[in-house]
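The structure appears right after this line, and notes come after that.
Chain nomenclature is as follows: A, B, C and D, assigned in order of appearance, with residue numbering initiated at 1 for each chain independently.
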């Protein structure tokens, strides 16, 4: 940590800062510049920099250590590859996950899966528990939904990804799913992250609606600190002043996070835009900037979907998209199965 | 719901919209204006307006029903007053809650409470479970913290407010606290809200960092729908591009929410600004624009606080603030005990 | 305009709204629904919907007419193609513009142009007048810069695009440039837009840092209303809470704006990210989601650039990028010369 | 400037950074910590920190010098007081400015001024040139408006504040106004700021819709660098994801800016909220947190206003507000005439 004193700081003020640094268990070293004095606090303890910002004569306090470690490239320089049912996420592989927003009936999921099988989909997504802004909106069909997903996936030799919304559901989910999905609203549900850190299945961790890159990595750190490093990060749009799209899909997250972390990162263009006709261009864009995969909502009959039909692709749209991104991927050195 | 067709919409496009409206269980009524045709969907079902926005010829779809009901002034025109330990929140009363960010030791909480008693504080706040961005930061001392809070509060004839972070903790919290506090990160933890709706204690519901007024009310609706209407909303700052302050305290939330909802709304200037010397001016501002109370972090020795010391007031600062806001309140027709 | 009354609105309140609508020169038509009454204001006058929102009993006021006309697809259904020096922007063409952020010396611009010529660049960009946040930062070399650009461009058979920052400069710019560039900070400098509307040269109109899609189109409307329809819109990133990148590049703007407007839209990945190593992935993403071109900062020696060197590509990086996007473009039905 | 190397940085990488620092004209000093090496660049030159961020082995680059000087408390520790027509802004004084959004007719301005005179208003505001998002909205009546303002103000012994939108208008404005007002959209119209820096009249500088505190001060720096230090900063709301209010009024700007700058800062609650019934509570809040004044839209007949009637107070509302804030001001040590 560096404490930068202002140009007019007095000797007493400097002494007070040194004393505070030492009281927190650091060693203090003073460097006097031409204009300003900078005091370095040497040591590996955690501290709140605002404690120093409020001291008289202090201009700025700069923290030099990141709060995340295991997720960084300093900790592991090579890409983590997460593999599920033969599909790989990370390094030179981009994996695809598709399926309906919400599980409604066996027939709905099965007809969707049947269509997706033709597009080589190996991982089926579907929501059984739906976190909804309004208490009066469709909330999902619960464990029955997980059973349907499992059964359909087995028939089509697919793996299952589904969103878990509470620690009380972990045991139940263990029975049915291959990938735990943590939604944007739960990105900072730290108890849930800790518990998932002790499981042995891959986790899709979605970026919170107003979370920074650093906070996303810090949440992944909670999971890794528990022992589970099979994490797939997911950019799904952030909240901004622009309301035309449901969220603002922040694709720069892809090259940024791939530079600082070894974890794979995929994109959810369905929630990221909220509009079916934007899913296809944004999926191509995501692949073109190097993402490690996509998770896309597809419904065999989106006009009758109970949830988010407007952002779900028709199976034939998905197939066309699949064809296009398979052509784009090699140009940027990626492989899509 | 109103579906606005664009100026060039064909008869077929209009017919298709009518058919879709009817398929969703609504009655459709067409009004042809000079420039545009508007189709009203009459009925009380819930639907996703984007399903219609994507139909050919449609310009815009406008939803006419709010998704929250119990929390509105249409449902209850008079102010809800929540009363805890003689302190009232709502209508002409502004209540005060104070205490340390985190419970550290019995002595720390007791010395803080002792100081606050002199400023007439009747509700003590303190965190036993701390949701922290980093897994390596101090996470609170757990149930021991709740015990300390209870014991100290009893000694000083105070009530206790503390943050619950998980449904698994409800039973434990019931034993120690008088007010459940739901933090900003949990504002959309809908399972938690549903469970709290079945309890019989007041709930402080903090606005999420990037939640709209409507979403805050919708979350309160989850609790009220469960049967508990003792809800105190809390503005605690939103995330914006300005990073100088920890959050941007959105005080306009006060007059806006008081107009559309009957629930009381208080302000948390400590998290709202993140800086001790901004807490005092923003507290006064909050009272001046009509809020129903404040929740403020105070620590008997903030320089040694394990968490958020930088935003905690010294007890004597709190006392001065208390005196000032007691003078401001009557000017805007409010009473502070 | 539709005025939606709340469920408990009285007859007097409805009458008062009708009267206000008529006083503003509209015809009022009342539709009583099961729950709510909606009053339509028929007429083509401009009005401020907030005037009605404040009337007693009113829940919401919905404006049905967009404020922009000439820029919409209702006005012109086919894509506008802007052509400069053989390079086309719009419809199936994506055009490229490249050059240094700021003009420094003849040698610097010439060596950059010479390198870019090999990558088939036909339009050279460069700033002679630099709007800088700090008064103490390099402000550009002024008219001398425009002369250098013109002279270098002529030598290499290129056209010139440069940013104009004030109406007083129009005559001067007319002498040297082929494309006027309006920067993000000037997107709502309406006097400048009006003046440019009377010129006969193409205009690149950059989206303001916190401007919505609608506001961008409204600013283009100012230019078109003046008679100049040779407008190239430009997405260059918006300001959000994420500070890792200089701005958040909002690529969804591409498919959204192409749907509602006939004007071409290009992307500036240099300002959009602010970091050289993010320019290349985001350029590919922009092409993949269907943009009509790119404007990219390239410097023959970015390490010594006086301005924004950190976001400028080396010429060889640009060449590699050019090769890659030429491969991606046909997959989405676009042609790059 | 401090360049922080990552933990694994090699000697070559460190040497390369040192070389780059020296090439930019700084002296480099290396401090090796236990974990990281930090290289200080000593010197007073301006540089772009991103040039160093991109070098191999660099984790972070920290700039130690603020880019603004004249506006800081280091430059001048005592409050600047701007005085116009006996009204003072700054230090212990809060000044009030009121009047219609736009000048429409002599009668409209005169009747408004007559009403305001009874509330002791000494500075009349009014817009003659209106920057409007839509080219089809009312744009103000131009110089005639300035003449009306001057004439009405003279009759009522008031001073005049009006918004200038272009450098070409400076000479004209000099004839009629006592205070130049720079609108939010022009906060970074640097040519305009430079020109105003050479005038001798006070300037109200409004914060841009998405400008940080630092950028606001930097824009004030442009004016001060030109020689004019009679600057009144103005918080008028920023753009956030919340759309219920027109803008999000960021009142924390008041205590923050008053701490780092000696310039007075006032609040515009009319644009800050966009809704008449929110103006009064937010004005009280602004005074309570220590602002140096208010600029408020008042119209003798807001229902018929050509512009922003919905956010204009009735004169009697203003009078009530004036009475209330006169009671609040002394509690926070301020005086309102």
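Methods note: a residue touches a chain if its C-beta (ideal position, glycine included) is under 8 Å from a C-beta of that chain, and two chains touch if they have at least 3 such contacts.
Being a predicted model, the structure only gives us computed values, none of them experimental.
Chemist: Need the graph distance between chain A and chain C over the touch network, please.
Modeler: The distance in steps between these two chains is 1.
Chemist: Averaging each chain's C-alpha atoms to get its centre, pick out the one most distant from chain A.
Modeler: With centres defined by C-alpha atoms, farthest from chain A sits D.
Chemist: Using CA atom averages as chain centres, what separation in Å is found between chain B and chain C?
Modeler: So the centre of chain B lies 38 Å away from the centre of chain C.
Chemist: Just give me the whole-number Å value for how far the CA centre of chain B lies from that of chain D.
Modeler: 30
Chemist: Give, as an integer number of Å, the spacing between the C-alpha centres of chain B and chain A.
Modeler: 26
Chemist: Two or more other chains in contact with one residue: find those residues in chain D.
Modeler: 210, 239-241, 243, 277
Chemist: Which stretch or stretches of chain A touch chain C in the complex?
Modeler: For chain A paired with chain C, touching residues are 210, 212-214, 238, 240-245, 248-252, 254-256, 259, 272-273, 277-278, 281-282, 284-290, 324, 327-328, 331-332.
Chemist: Which part of chain D faces chain A closely enough to touch in the complex?
Modeler: So the residues of chain D in touch with chain A come to 2, 4, 6-8, 29, 31, 33-36, 38, 40, 42-44, 59-60, 62, 64-65, 74, 239-241, 243.
Chemist: Help me check something: in the complex, which residues belonging to chain B touch chain A?
Modeler: Chain B residues touching chain A: 20, 23, 46, 48, 50-51, 53-54, 67-68, 131-139, 165-168, 185-186, 188-191, 194, 209-210, 215, 218, 221-222, 225, 239, 274-277, 303, 307-311.
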